[in-house]
Amino acid sequence: MRKANLWKMLFFALVCSVLLVGCSDENGGDSEKGQKGSDKEIVIAVNENFISMDPHNTGDTNSNSVQSAMLEGLLGFDSDGQITTVLAEDYSVSENALEYTFKLNQGIKFHDGEEFNAEAVKVNIERIMKDESLRLNSRGFNLITSVDILGDYEIKVTLKTPYSAMLTRFSVAKMLSPKLIKENSDDIPKSPVGTGPFKFVEWVQGDHLTVERYDDYWKKGERVKKITYKPVPENGSRIAMLKTGEASVIYPLPAQNLQELEGNKDIIVSKIPSTIARYVSINTMKEPFDDVRIRQAFNYAVDKNAYIKVVNSGFGLPLDSVIPSKTLYYVKQDVYEQNIEKAKELLKEAGFENGFTAEIWGNTNSDTMKGMQFIQQQLKEIGVTVEIKSMEEGTLSDEIFGAQTPEEAKLQMWYVSWSSYASDVTNATKPLFHSESIPPNSANTAYYKNTEVDSWMNEANSTGDATKQAELYEKIQSTIYKDAPWIFLGVDELLVGTRSDIEGIYVDPTGGINVSDANFK
Amino acid sequence: MEFTSTVTEKKQVVPKKKYSPVREFWVNFKHQKTAFFASMFILLLIIIAIIGPSIAPYDPYKPDYDATLQGPSSEHILGTDEYGRDIFSRILVGTRITLSVSTSSVLLGAIVGTVLGIMSGYFGGWLDRIIMRSSDVMFAFPDLLLAIAIVAVLGPGLNNVIIAVSVFSVPSFARLVRGSTLEAKENTFVEAAKSMGAPHKRIMFKHIFPETVSSLIVFVTMRIGTAIIAASSLSFLGLGASPETPDWGAMLSMGRDYLGTASHVVMMPGIAIFLTVLAFNLVGDGLRDVLDPKTKNE
Amino acid sequence: MSEKLLQVEQLQTEFTKDKQKIRILHGVNFHINKGEVIGLVGESGCGKSLTSLSIMGLFKGTSGEITGGHIRFNGQDITSLNVNEMRKMRGKQIAMIFQEPMTSLNPVMKIGEQLMEPIRIHLNLNKKQAKEHAISMLKKVGIARPDEVINEYPHQLSGGMRQRVMIAMAMSCNPNLLIADEPTTALDVTIQAQILELMKQLQQQEDMSILLITHDLGIVAEMCDRVVVMYAGRVVEEANVFDLFEEPKHPYTRGLIGSVPKIGDKRDKLDSIKGNVPDPSDMPIGCKFAPRCTQVMPICLEAEPTSIMLENDRLCSCWLYDHERGEMHV
Amino acid sequence: MFQYILKRIIEMIPLLLVVSILTFLFIHMIPGDPARLVAGKDATLEDVNRVSIELGLDQPIWKQYVTFMGNLFKGDLGTSLKTGLPVSNMFADRFMPSIYLTLLSMGWALVIGLIIGTLSAVFKNKWPDHLGMVTAVSGISLPGFWLGLILIQIFSVQLGWFPTGGAEGWKSYVLPSITLGAGIMSMLARFTRSSLLETLKADFIRTGRAKGLKESSVLTKHALRNSLIPVVTIAGLQFGFLLGGSVVVETVFSFPGMGRLLIDSIAFRDYPVIQSALLLFSIEFILVNLIVDILYSTLNPKIQYE
């Protein structure tokens, strides 16, 4: 008898669980049909999970994208990635690059009804300055010595030392309701409150995050009622969602799958040049890579167009400087066009007529592995045998940053990419080429050390004068490009798939999705 | 009772000619048609594994950026991959890697798992508890984490893939064998052997082990398939052979981005894996019918 | 002559192996009278177990089939019954117990459940009645605490107990014929005696017939009225038990009896039969026993002897007695 | 039986303690510094060190362990290094979908696997057997993500019957559970077949037939139950696999489950999440094992746990 009961219980449990699943949620279906225009819902599928909704503690593009629907900063980025005003009506920077003054727009209210004014800005800036747990975005803000309210809608921020990327930092730092910061700071990472065109509704971890139109938004315009963001890591699945209409926008659109969409009139594909540079850093302090001829030979050995075709499925531009073309102060350099003869000659001059064996490191993403294979194939043409070592990200960073001195470093070549805000040329150069940034200190994995370049960078950083900066960055780019501490490969083009009944959604060069005017046509 | 003994029970049936065990196996196995056919396929694979590199029509590593992702044609009978490499040549050359990695890892896992399983089931008590609980712990550890750890300690490479995959299978084998051992232990002949004072080692491997063989064989063949797929996931995670190696699993995983556009890149190694796993399973079933003492005389 | 319960006539049974038919039973003839105990003896592989399975129609899961002859039970030819009719016969009119009481009971089912199965099917009793009946059957076979045993599992019982359970199960629907295939071989000697005693007693009580299959001539002498000796799928001798032991006719029977040591016997070696049973797929041409026979004659190697009726209603298939063949050719 | 279960559950506690220590050591042994991963690629060493202190990673390992366990006993699983959210919060949305998916996959795999295995054994070497075994072998030989992508292509893109992913409503469970259960169904079908074939040769099956039982009751009452014993072992083993190892399926169907969370966390060396997830998996696994052992003893009265 006991046994029979046990079986029954198990069966019952199974039935129950099936029923529970069946009943758990029914509202996700296609019930919206028949409703009109902006009352509908737009689904945006992205490739990774959102990490946090705390705007002052976010490093990943997707979290930023979602936040930008709900939150706004004093400044912001336009569609080219350059700085523009948002909550600030106007701003000015002092000659010595230490004082930043903002005039604020009036009549703006947070989603919880709090008023946006100088006091609110101060609360936000002080949170970023003081809260120890905000480890990501305090850069720049830790240089602030004082925040002074000049009037209800005017505020001045003073820095200890000049920091040329400060405007970018102000664009990234979005404003939260002061009430939320003071009373419910634990809720910030889960459900932020801002001034943006949409307000937070719900976030089911790993599944979706939904925002809803904020009807009292300070900028007028037609917008869709609801937007749901879904993380969908699998490329094929994302494409499938776009085709079925389950998603109205997918980003990134995997380039390999582009062909599938050809001739599909319901889908529009847009191509945006990005600020993502792809390259192989070469350890310039290690033999034989310390010889510039070897590094140049490597650059001449690689066919950039073939790289873009094979590794990036044809979407991308050659990396023709040390920074991508969308980045501030970019100047085009003379590209190392593929020239096997010249490369071999350079090798011969350097004493390696018969080639040698080298090692390339990279993480385990399939794109990286593809790229490393490409480098391997290309360098084989000039007699250099490349061994590929792909390592899991954590292991890789330990291997690279575990070396305390350049002598300890085992790194020869690293296949990697770099991206920074288009407006932030400092971050696109200093961590990569300044001698202070040599590991473990920062990401100068080329172990590039050029005292001239160091001093130009320092100088550019300490002035507010744009012409001067442009001049300095021109010199920096041409010098480094000739020194070839990298194999310069390409700049990604971002691909976005949008269904043709959608308007007002665009992706900026950093991959952020702007939805402030999102609507159905 | 007047009579106490019985008529001598001798061998039941004497075959007309005495076959050697190998010959007898061969005769029986030949009658298992599908299994026989599948084993011919595996034999073919083994031959390819040996001579593959010399019969491949193209250099499996040589890229041709002007001929990427081409479908099957008379020039490239299985098409080309994202670098324009000949997929047919890569599959031929990859046979050796795929076969050796999967079989050796399963065998390694099976040997260790079986020994642990028999000891656990046979001795019971604290030994059983330790072995089974450790296998619980191993199970609770997701394979991937284990793989990362193993490779982190040993470094990437094919040998470590073998170790990682065999580590996955040890607890499965141990539990399976323990289950059959528990049952076999209840059999009279085991108790008989025990009471006659046979040494443990002899009882375990002479009496109990044969009882576990049938399920073991089925499981080994299944695991070979699983191992091919597991090794391919590891390759995909970058923890396997270096990415240029024409390992089928790696080809399949690397090619999955092209499923919608150039499906042959995924299909061809996929079919190779499918057929190989199929062949191993069919051969396993056939072997089971022939080798298993319980099904033998039918 | 008393009434015949079972008549096996020219029974031929074949197996299929590798698409080849192999005949195991080559025209087996014998009968069982009501209330009679028949011994079916022979070496392993002579077809005695297969004869019993043929009677029961238990070929499911094997390639065996009856390809010739008839089996009449109470006059009805049961080889022509369909599957369902045959099934209703089994366990009710003809029951069977097997050699291995250890494995013949389902290890995961309680004794009671297993006992009640045939009772419920054949006797149309409800659960409660069936249970009572099961308990009374257990009592009948001499199990001490039947109401506990029905809730136990086979592994909790001794070998002798299990065989008693098997007997109880076989007897539960009051069959006319009980086929016992080596019922005591797996048991130790004292238990053997008890089980045989039980069977004998029940047989007399219920006036049932028993077909006792064994290779143990001691048991035959103890239990049987008549004996049928089989060799290589054929009946070679049939006689009542006293005549058979007194004067075995067939050289094979003599060999069988000679191989059993008698108490007080001082010979060093047993007169066992040399050689082995021939392979069914490779039979000698003439008498199948000829290659092993100590009295082999030229004719034995050329032609197969037919059955000859001898005195006292006994039958024997051997060229040695060809001269006694009268008009009573069977 | 009740005492046995109680004993096993009490036995779990020291086991889990050992597991927690081992996993703690283990995940700290894997190379990779979460502080650097948290701080980002462009972080300076100063940033990294600051993060390290903030996250408590500068403490000796034993102290970190004590802190973790201390919080655990207070019911606090800690805070994710990556997201800054409480770990329990991150689990909350993913745990139940994972469980549902596991149960559903196991449920259909068990039912269909048993049916196919039984039919194959009963009709050995006839067409149902061949068909069943071809299905089963194919199910084992197909890599999971492949099957998943093909299912999406057919049933979501072409036919539009089911969503491509997510965990909203029963429809979104259909394709993932098919993908996840396919291999297990195949395995169970094969094991059921071989086990049942063996059982069908047993003496007690002949006894059943000799009793005059219908073939169907011989099969269901006698043969199947005996053949289930090895099948249960395999099912139990697979359960463990399902709980932790559905990463591929979760990825293909962008299913919000525990597997993906764990893998993401491993990549990020998010120690508190990994640690808690592994502990959770261990508990689940041990419980499943307990259930398997109990099933064992109900199926096979010879095996008694006192």
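First chain written, first letter: the chains are A, B, C and D, and each begins at residue 1.
Just so we're on the same page, a contact is a pair of C-beta atoms (placed from the backbone, for glycine too) under 8 Å apart; a residue touches a chain by one contact, two chains touch by 3 or more.
By chain, with names taken from UniProt: A = Glutathione-binding protein GsiB; B = Glutathione transport system permease protein GsiD; C = ABC transporter ATP-binding protein; D = Glutathione transport system permease protein GsiC.
What you see is a predicted model; the values in this text were computed from it and never measured.
Excluding chain A, the assembly's touch network remains one piece.
The chain with its C-alpha centre at the largest distance from the centre of chain D is C.
When each chain is reduced to the mean of its CA atoms, the one lying nearest the mean of all protein CA atoms is D. Here the CA centre of chain A is 35 Å from the CA centre of chain D. With centres taken as mean Cα positions, chain C sits 47 Å from chain B.
One simple way to say how far apart two chains are is to compare their mean CA positions; for chain A and chain C this gives 87 Å.
The distance from the centre of chain A to the centre of chain B, with each centre set as the mean of the Cα atoms, comes to 44 Å.
Multi-chain contact residues, meaning those touching two or more other chains, occur in chain A at positions 236, 392, 395.
Annotation for chain D: residues 30-31, 145, 149, 153, 201, 300, 302 touch two or more other chains. Listed for chain C are residues 155, each touching two or more other chains. Those residues of chain A lying in contact with chain B across their complex are 235-236, 239, 254, 256-260, 303, 306, 309-310, 363-366, 369-370, 372-374, 376-377, 387-392, 395.
Residue ranges on chain C touching chain D, taken from their complex, read 56, 58, 60-61, 87-92, 95-96, 98, 100, 103-109, 117-118, 121-122, 153, 155, 166, 169. Put simply, chain D touches chain A in their complex at residues 1, 30-34, 36-45, 47-48, 50-51, 54, 82-85, 89-90, 92-94, 97, 99-100, 103-104, 107, 145, 149, 152-153, 156-157, 160, 163-173, 251-254, 256-257, 260-261, 264, 267-269, 294, 298. For chain D in complex with chain C, the touching residues are 200-215, 217, 221-222, 225-226, 299-302. The residues of chain D lying in touch with chain B in their complex are 15, 18-19, 22-23, 26-27, 29-31, 133, 137-138, 140-146, 149, 153, 187, 190-191, 194-195, 197-198, 201, 229-230, 233-234, 236-237, 240-241, 244-245, 247-248, 259, 262-263, 266, 274, 278, 281-282, 284-286, 289, 300, 302-303.
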